[in-house]
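Next up, some structures in structure tokens.
Two complexes follow with subunit A in common, the first pairing it with subunit B and the second with subunit C.
== the complex of A and B ==
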């Protein structure tokens, strides 16, 4: 965190000054470790074993927060009697469907009722939506003594019982003493009086089990009562100025703004069905139709009527997974003609960059918007395979357009930071020359296309013709009015002609217009709320008048949980939101995340519907039953509980189960994306992990061109321990060649004790640390780490695994510039090896473009 | 200037007279340092902004003179950053004003070996034509089961995560309405 979110880390240091214990868990010793109280050098890819052991420690030592767990989580819920755990099936859960190659989650459900998952996970639902979904939540069965073997708490206890301190030693390379020190520190600092926070970044997400890493952290925080309370929570540290915003208003294939799912062709055949399959009968998602209709009204205006289902049919439908790597594999096979790359540099930042470039070579046209031509824009003349002569520029047919972009100071608009906080930037100066904002580019492109389709009578063109696109513009360059776009995102009431002040005002009758329901209120009263800048010194510590946080300017989600069952703060020290008996409402330092006048003693009647089903002690209002999910009965594709699986390419056999890898992972089995052996591949004996440096920014588009930053970190390098250096004859400051079957790169060597070998079961394991900023253009150049990585992904969110894979390292400069995606796999002999999967999983059907992932097959109809 | 006056300017005496034994306070000031002021004091305007790099969201003050950015500094009022910027945030004035910036549209024709410059309007027109052509050629109205698809898999998009919310909103709105489903972002990466 000190390296990649330096100014955010000042608050960690402030907490330390006030007595907090800082624990840093990272394979590397970094600037964060240097000031932490405890550094835990963990083997990359083994975090679930470590976190699972914490869960086991909390439960077996009876250190969980009883009132919180019994009342605010689903610990007491009874699970279907058909459920079988990884304990019973050697690393698999019940429900593996051999034919479809994926899990059927039916046996994971609550006894008697099937619930849909909360926000952000709805779109992950696989398979055919079930008729009983949305059944009355009151039918759920509980055992509040938490002793029934079928209750969540007992299942959790059993599932994690094998995650012991000894397993941590074997799987993570962390001593029992160090593990126990961390466990004690965490538990001592949780409870009524104290809370602990967990911060993570892509070191946790970029794995084939990335989502389950975060789930394990959520289980720990729920057991300790650390969610919805000040100083608690799980903080996703976002690496980009508006990566949170890019998810909220997603340019992601599976979502519409505000975490509404994209229509699926086979199921969501009309609006009625779409709503039926996606709304929830209880909890906040029962409001779903209001958000969807308001969005359609925002997009298609007067053309959207009740008779034509608010133009629902205008939306394109998805058939399976259309995520980034899936698209690029299809591109490399010639199935994509045109590609817009805006402020992104996949030829450096995405996996198996040679395969990315193979995709670019197959395009008819490519549009890149950036400050200067990046590696993605220059792939046709400067890529390694061009330099090596394997590919000739004059053979590449792709037309390339490079549009210079405006800087953040040359346009106005909002970023959403890592805390869900929207902050407006004012424009300082005009962009130079033909540089333009992406807003300018997309708006003018839209205007031109509307013009091109103006006279079309083809029904396929109705969406573009009816699209509302009348934003004002200003200045000689006709820059669209960003504030008008923000106002549409906020929404307005078409009958009363006023801006909507919050999502509770949205309606499903077409009278409200709202581009993103969770952002509703950001333009409340016609005031640009994200532009508010009341100085920190002039308001309370929550600073509610600086910018605007979604939803409803709420700074801490699920904050009802900061009060006890009766609505009183758990302790004076941790006071945040409480029930004011006199005023009969929730109040406190922040906007209450609850129905503001619902008293703590409210209990729904058995026939209650929608948000009336939420009782006064249901803080997790986005969940169907208002409870925090220790156990996830639906919404995840790889199991209801986190399970330790090894990375696709590991140095170890899974120490916990016979099933080596996540059975539901996405693989691309193709010659231009070869994998090493599951473990023990003597050709690739070392663990590799990639990361960022303080002085550069991801794929380098905003840093490798700046002399100041290039002077601070001028050159590509790898970090290795003195032990590995000795083993391989590597010299500090000298050259090393690092290779995988995908490619071969060279880098300078930094020999440092900050990297340490692990001794596990008598074997010494070495890690190679590889920063991934560099590539072949820019002012500071070097070989790209992602020439080494492979297309391989988590099934839930299709994120790649780049934080743990296997490599070879030898001393000296590279001899070739070989790439699997140009000349075929390196080191092709001897590729057989131990199986990653149990026999039923091995049957997983293969899909298009080499993709092996059950969920794609299930919804794919072609 | 009297002799007495110049003697009083002698630092050691000033340190005593001004009770500044360490010599780090007022006594260290010369007339010249007293007259110094930050470069930013001459700015015509100070514009509130936000750092474009990581997700922390530090506040920035952009100092403008004669329509040009003089400097970018941290914003002391921000409850997030209290005036601080890290190496990247501090380098953002070079990001916006550096010589690396390309100011013309560049075009590489099929099989071409070099970049050519294109007028912005012409380039926009060419891109719009290509979108229409590819879309029309690769349109899928329904699948073999008769379910609506209403889309094209012929065009894809990948956006960075330093784009504004307003930009992402219009990208999703336009591309979705054109039938593009392969709309992706760094947020997945």
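== the complex of A and C ==
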């Protein structure tokens, strides 16, 4: 966190000054470790073994927060009798569908009830899509004594019982004594009087089991009562400024603003069906139609009417997985014509950069919008395969357009941080020369497209013609009024002629427009709420008048959980939101995240519908049954409980299960994306992990052109332990060549005790640390770490595994005659070697462009 | 005006180098070029005429008190700067009067007066001040004199995310530092101590206006254990010279007497 989020880390240090214990778990000893109270070096890729052991420690030592767990989580819910655990099936859950190559989650569901999740794969359910999922949530069965072997708590207990301190030693390379110190520190600091927070950065997500890492953290926090309470929670430290904002109002292929799913071509064939499949009969998602209709009204204005389903048909309907790697694989096979790259540098920052560039070479056109011509913009003349002569520039037909962009000081708008806090950013100076903001680029592109199609009578062009695009502009460069965009996002009530002040005011009759329901209220009363800057000294410590947090200016989600069953704070010290018996409403330092006048003793009647189904002790209002999920009955593609699986390329056999890897992972079986053996590949014997340094920013677009930053970390280097240096003859300050079957790079060597080997069952395992900032253009150049990485991903979110894979490292510079892997593997492909999967999983059908990920994840091309 | 300065608390430094960059940006100092040192994450190595803040990265095979690690190891981080000594070697050596004591009691080099003689360079006991090769003049931290003139704090302190660098009135900083030291000692970080805070701590400089809380002996951070400005030794030198001269005189008189005695 100190490495990649030094400004956010300010508050960690502030907490430390006040006596907080900082525990840092990382394969490397980093700047965070330097100031932490405890540093735990963990083998990259073994986090679930570690976190699972914490779960086991909490349960077996009876350290869980009983009132919280019994009442606020789904611990008491009974699970289907058909459910079988990984403990029963050697690493698989029940429901593996051999034909489809994926799980059928029917057996994971609550006994007699089917619920859809608040997030994740909401469309994932057993059988054919149908309406009214969750309608019978009241029929859910419970055992509040938590003793029924089919209740969530008992299943959880059994599932993690093998995750012991000894397993942590074997799988993670962490001594029992050190593990117990961490466990004790965490548990001592949780309960009524105290809370602990877990912070993670994007590195945690970059594993084939990344989502389940975070799920395990959620289980720990729910067991300890650390969710919805001040000082608790799980903080996702996003990759850079406003990545949270770009998820809320997404640049993701499968979501519309406010986490509404993108319509699916195969079954969301009209608005009615789309709503039926996505609204929930209970909990907050029962309000779904209001959000969707208001969004369509924001986009298509007067053209959107009840008769034409509010222009629902104008929306693109997705035909499968169109995430980054899926698209680039299709691109490399010639199926993608054009590519907008804005503020991203996939030729450096994305996996298997040789394959990325192969994709770029097949495009008709490429638009890069960045500060300087990045590697992505320059791939056609400066890439390694061009330098080596393997590919000739004259053979590349891609037309590349480069647009210089404005820096954050040269444009206005908002940043949304990890706490969902929107902060308005004022423009300090005009952008120089031809540099323009992203907003400027998109708005003017849209204007020109609308002009182009103005006279078209073709019905397919209606989506562009009817799009509302009437923002004002200002100044000589015609910069769009960012505040008008914010106002549209906030929403407007056309019948009452006023700005929406909260999402509860949204309607499904077309009289409200709203660009993103969760942002409703950010322009309340026509005031730019994110621009508020009231000092902390003039308001309560939660500082509700600094910026604006979604939803409804809530600083802490699910904060009903900060009070006990009767609505009283769990402790005076951790007082936050409570039930005011006199005023008959919830009150406190923050906006209550609950139905404000619903008393703690309210219990729904059996025939209740919508939000009336939430009882007075259901803090997790986005879930259909209002409880925090220790166990996920649906929503995840790789199982209801986190399970330790090894990375695609490991140095170890899975110490817990015969199933080596996540069975549902996404693989790309292609000649230009070869994998090493599952484990014990003597050609690639070392663990590799990639990461960022404080001095540079991601793929370098913002930092490698700046001399002040380049001098601080001037060259590509790797970090190795003195033991590995000795083993491989590496000299500090000298050169090393690092290779995988995808590519080969050279780097300077930094020998440091901050890297340390792990001894597991008598075998010494070494880690090579590889910063990923460098590549072939800029003021500071070097080989790109992602020449080494592979297309391989978590099935839930299609995020790559770059934080744990296997490599070879040898002393000396790269042999000049060896090319980057543009055409195929650098080594003999893997024949034989241990299997990653149990036989039924091996039957997984292959899809297009080499993707092997189960049936629902296949891409369809027209 | 009251004296202002820096208290740099290395126990909360995270080595982000924001101070280095903020300093270069505010003062428009050039980068020194790309040089991979192989010495931990330190690639600027030391303070220079164009590097007025420098972060040291000290890797030790030693445990820090109160820190739990898998094996004995700690990483000390420390942002170094001109100390603005109470008794400044550079100022005393400057023959042109270019180096002055400001109203903030900081030590400031007036670039329009400096003639680049370089006497100050050898007189700094910390090796802080140096001449720029491109213009020949001596340069160092100004304690952001220009920012202070308008009521601002120096760029490095402003940029420091963890308040490892604290800027303020010297007497207040000393109070903060004492309390911080007390707190660290009470938490078992026994190795913490203040470097150069007062004349008593560091008689050779009369105390520093930019002082530090350190976690290892000064040499670990490339700081002198007992720095002293050259003129500090002048009195003793004169004394020694006096003794020597007296001795010579005695010897000469004795010699003359013995000669005279011989004649007799």
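FYI, the second predicted complex is superposed on the first by the 832 of 862 C-alpha atoms of A that agree within 3 Å, B and C clash if a C-alpha of one lies under 4 Å from a C-alpha of the other, contacts with A are read in each partner's own complex, and residues count from 1 in each chain.
Rule of thumb we're sticking to: a contact is a pair of C-beta atoms (placed from the backbone, for glycine too) under 8 Å apart; a residue touches a chain by one contact, two chains touch by 3 or more.
Computed from a predicted model, the values in this text were never measured in an experiment.
Of the two partner chains placed around the shared chain by superposition, neither subunit B nor subunit C is touched by A:840.
In the superposition on chain A, the chain among subunit B and subunit C reaching more residues of subunit A is B.
When the shared chain is aligned, no partner comes close enough to touch A:685: not subunit B, not subunit C. When the two complexes are overlaid on their common chain A, residue A:175 makes contact with subunit C while staying clear of subunit B. When the two structures are aligned on the shared chain, A:599 is found in touch with neither subunit B nor subunit C.
When the two complexes are overlaid on their common chain A, residue A:39 makes contact with subunit C while staying clear of subunit B.
Within the superposed three-chain model, A:610 lies out of touch with both subunit B and subunit C [touch as defined at top]. Contacts of A:16 after superposition on the shared chain: subunit C is touched, whereas subunit B is not.
In the superposed model, A:394 lies in contact with subunit B only, and not with subunit C. By the document's definition of touching, neither partner reaches A:850: not subunit B, not subunit C.
Looking at subunit A, you'll find residues 6-7, 10, 694-695, 707-709, 712, 779 touch subunit B in one structure and subunit C in the other.
Only residues 2, 6-7, 9-10, 13, 16-17, 29, 31-41, 174-175, 178, 181, 693-695, 707-715, 717, 732-733, 748-754, 756, 779-780 of subunit A touch subunit C when the two sit together in their complex. Subunit C makes touch with subunit A in their complex at residues 11-18, 20-21, 24-25, 30-38, 40-41, 43-44, 59, 61, 66-71, 73-77, 161-163. Residues 45, 47-59, 62, 64, 67-69, 72, 75-82, 84-92, 94-96, 98, 100-115, 118-120, 123-132, 134, 137-139, 141, 143-145, 147-189 of subunit B are the ones touching subunit A in the complex.
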